[in-house]
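Shared between the two complexes below is chain A, which has chain B as its partner in the first and chain C in the second.
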Partner chain A sequence: MSFHFIKDQDFPAFLSGLIKARTVVGPVAKTSRQQEKFVFARLTDPAALRLDYDVTILPPKKEFFPPKQNLLLFDGPRVTPGIEPEEKVLFGVHPYDMKALDMTDALFREKNEDRNYTAHREAATVVVSSVQKVSPRAFWASIGTEVKPKGHDAWLTKVAGGCVYEAVTAKGEALLQHGKFAAASEEQKKAARRADEEAARQCPEKLQGTSASNAKKVRAAFSREELWTKFAQDCFSCGSCNTVCPTCYCFDVQDWWHVDQNTGGRTRTWDSCLTEDFAKISLGAGAQENFREERAERFRHRFMRKAAYLNEKLGGPACVGCGRCSAACTADIADPTAVINSIPEA
Partner chain B sequence: MPTTTCACGGKAAAKDVKDNIFLPKEAKIVRVEKTTEMERIFTLRLADESQMKFEPGQILEVGLMGYGEIPLGLASSPTREKTFDIVVRSVGRVSQALNRLQQGDTLLVRGPWGKGFPLENLRGHDLLIIAGGIGLCPTRSLIQYALDRRKEFKRFILFYGARDPQQQLFLADLADWRKSQDVEYHETVDRGDPTWKGNVGVITSLFSKTKIDPGTRVVICGPPIMFKFVIRELEKLGVARANIYLDLERRMKCGVGKCGHCQINDKYVCTDGPVFAFSEIEHLEEAI
Partner chain C sequence: MAKPKVAFFDFTCCEGCQIEFTNYGDPVFLELLKHVDVVEFREAMSEKCREPLDIAFIEGSFSREADRPRLEEIRRRAKVVIAYGQCAATAGINALKNHTSDYRKFVYGKDAALPHLDSQIAVGVDQAIKVDYYAYGCPVNKYEVLQIVSHLLHGKDPVIPNYPVCVECKRRETICRFDVGDYCLGQTARAGCGAPCPADGIPCEACRGFVDKPNHEALVKVLDKRAGMPKGWARHKTRMFTANQRGDVK
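Now for the complex of A and B:
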């Protein structure tokens, strides 16, 4: 681990060097309905990088677990895996998203390792960037505080006159060659820590309680049907909360053919446990069974997954407080702080 | 001769081919039998002639490229070497495509996945298998196993219920079991027909036909509605919840504990199951 400093005026050249050498993906602005939003996209112009973003529409997991991914391709009877990892630099990931990436790493790695994810993840260098602007629904400072961001290769923090760059791994160290870095002073390192603390103080929403107390009370509320029915009353079962979630990783698998009727593939796409068909099966002769038929059951399942079910495996809740679901929900009923805070203690 | 090989054009690392959890293997159809209007029994052999290694109760993802995959319980015992059986009920795109295949054709299998029946807790005890409808298919892996290793078990009792006589599966097996000294076989149909001479009634009506010791190990597989009623009967008989095993069905899309569709509360049916001790899931409200 080593700390470095790059001056503001040297930063564009560093980025240019990086873009020339590697595929670089980072936050860029995108205007939607006259509003400035942000997305992770491939960088071609260093000036497009917006490290002052508040939150991106979709989390960076899409770089390793894309919304649509070919698992297999076929050509007649010949079947080929779709794994072709690209060595890329994911630049400017916020710390809460880094926590989420580390969780998806663990979940795709456990039991039967899914190389369709891990091969892409291993090929990447991930640079975290401290939050410079806090999004309106963020609550990352108050959830899962016992779980620290890990799995990143470097951590960049904007301070007066430049950025402190902490190289955490050899992959993070290797990026230094593309820019003009000096050793960071104690004062600069301190300033970086202060910047992180200051951003944390600005989170507009707050989750009450600890991870353990929340897991306990959410689990204990499982049978309180009236509670979940009330929470889910306005749910459209659209799955937007799942789609924007950095820790959601459920998927559907579908086969397809090219028009030649000889070649095609097997592709996975993101799926949402809030949608009606998610747990439905056919029994034959037109009969069906839906194991989570009610909106309230599906809504509850998401909260159990985020606040309780995975805690043991992940060391904390499977929610990082990005606030994307709160903002994406049409009915504005998905906000984890609003829901969890309103569940009474067990 | 078609082969499922991975000519990956170089870019995919060897590890990503060898350890690819989504890459299926080819299996040849040795025999296919139409058993009802909806179901076909396939006897398969791996195309590379290797032995399919599995435990009774495990699942396979079975499919065809361009159509997809469906999860099926292995319907034969690993004690029957060289080949293995699956039963396909025509319900959707994949199963209908599979049921068009003929002897000599090839299909794709992935697995086996999941935890099967806990043989170590079944051996040395009375064994009661209760199968409703298509639930006979995965339990047949254990039925055959118990018949092949008959000495490992004390009494072996089998209850089988079908909707009507036309829906009965594995007719040749049923004829054998009716005559067999190795299994106490009881059967019923929900609705009889003029030719049916046997019991008519739901599967729980078979409990009056024989005496079940409370120490019996019980395996249940059938439509979701059946579990509750059967468990109620077993509780009356004093069978411990830890000795009741349920073979559950869910939408096991990936089979490897990732895609999320088969979750029951915090369990993944495809990796934590599909066989669960009742004591393990009784507190899970979404289980039965």
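Now for the complex of A and C:
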């Protein structure tokens, strides 16, 4: 681990060098009717990088687990796997999203390792960027605080006059050659820590309780049907909360054919447990069963997964407090702080 | 193996969905003809067919009792019947007239009383005959139709989404219409189109109809509270394409 400093005026040249050497993906602006939002996209122009973003529409997991991914392509009986790792730099990931990547890393690695994810993940260098602007629905400072980001290769923090760059791994160290870096002073390191603490203080929403107490009370509320029916009254089952979630990892697999009926592919697409058909299964002989048929059951399932079911496996809740679900829900009923805070202690 | 025989039929509709079938472009269309034998398709050929069919695409809604025998005859001949387009699936935009009583006067003027212009409540063709699969949309999504045909050729059930358009907007990172002060019906609208309209800055009008279980009450609330639509308008807003899927269906 080593700390470095790059001056503001040297930063564009560093990025240009990086872009010349590698595929670089980072947060860029996207606008509609003058409303500015952000997305992770491939950088061609260093000026397009927006490290002052608040949150992106989709989390960076899409770089390794895209919304649609060909698992294989076929040409009659000949099959080509869809795994095509590219050495890319994922630049400017917020710490909460890094925690989420750590979770998808663990979930895709457990038991049968999913190379469709891990091969792409291993080929990437991930540079975390401290939060410069906090999003209106963020609560990352108050959830799963016992879990720290760990899978990143470097951590960049804006301070007065430049950025502190902490190289955590050899991969993170390797990026230093593209820019004019000096050793970071103690004062600059301290300023970087202060910047992180200040951002944490600005989180507008707050989850009460601890990970353990929340897991306990959410689990205990499982059978309280009236509670979940009320929470889910305005739920569209639209899947927006799942689809923008950085820790959701369910997918559906379907085959398709080109018009020649001989070539085609097997594609996985993000799935969403809030949607009606998610839990529809075959009973054979044309019969079907939906084991989460009611809207309230599906709404409850999401909270069980985020606050309780995965905690032992992940060391904390499967929610990192990015607030994307809260913002994406047009009925504004998905906010984990609002829901979990309102569940009485067990 | 002989190529499956495919035919197109139309009832109350604009035949735009059939036109969509001719919009693949020559290379795709000619390739498709290697796999299916189109035996009746009045948008593109003059031959008619009286033989048994493998796939019947029926466009248009069922709005005249006089059409029932023809629908039943198609059903008897076809192994698979596909309701082709929103009119055939749910009567789509045709069902708008179900809530009016003076449409004949306004549409046909002095000819309003002519007997052949009489029609009943417009409904999907599944109200007259059994339908096996639905190709939703106004018009249909021609790429989805190609997948429906491919699945049938390979002996598989076609996969038709029953989730809302929001899913497809999020997957492609479209900025939500509600975030820019607009309205949208995507939360209750059936996906499968790929959500091109919001991506172009236009609200979803639910042209593929509703999902199987739409939360219409919540939509009215969101249109009123978040999009600032007057209450009455919010309540009726979805009717353009979903008159037969709402609580006030005739």
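One rule holds in what follows: the second predicted complex is superposed on the first by the 339 of 346 C-alpha atoms of A that agree within 3 Å, B and C clash if a C-alpha of one lies under 4 Å from a C-alpha of the other, contacts with A are read in each partner's own complex, and residues count from 1 in each chain.
The rule is simple: a contact is a pair of C-beta atoms (placed from the backbone, for glycine too) under 8 Å apart; a residue touches a chain by one contact, two chains touch by 3 or more.
Everything numeric in this text was worked out from a predicted model, so none of it was measured.
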item	value
Touching partner for A:Cys235 - first (chain B), second (chain C), both, neither	second
Touching partner for A:Glu276 - first (chain B), second (chain C), both, neither	second
First (chain B), second (chain C), both or neither touched by A:Lys30	second
Residues of chain A touched, compared between chain B and chain C (which is higher)	B
Contacts of A:Phe108 with chain B and chain C, given as first, second, both or neither	first
Touched partner set for A:Gln254, first chain B, second chain C, both or neither	both
Which of chain B and chain C A:Ser342 touches, first, second, both or neither	neither
Which superposed partner A:Val244 touches (first chain B, second chain C, both, neither)	second
Interface residues of chain A shared between complexes with chain B and chain C	254-257, 264
Chain A residues touching chain B - in the complex, by the definition given at the top	71-72, 74, 76-81, 83-84, 107-108, 110-116, 119, 222-223, 249-257, 264, 266, 268, 271, 273, 278-285, 289, 291-292, 297, 301, 304, 308-310
Chain C contact footprint on chain A (complex, rising order)	30-33, 35, 37, 39, 57-58, 67-68, 233-240, 243-244, 254-257, 259-261, 264, 269-270, 272, 275-277, 295, 328, 330-331
Chain A-facing residues of chain B, complex	2-9, 11-13, 15-17, 19-24, 26, 38, 63, 65-69, 89-92, 106, 108, 134, 223-224, 249-251, 253-254, 256-266, 271, 285-286
Chain C residues within the chain A interface of the complex	24, 28, 31-32, 34-35, 146-147, 150, 153-154, 156, 159, 162-164, 166-167, 170-173, 175-176, 178-182, 184, 186-188, 201, 211-215, 217-219, 221-222, 226
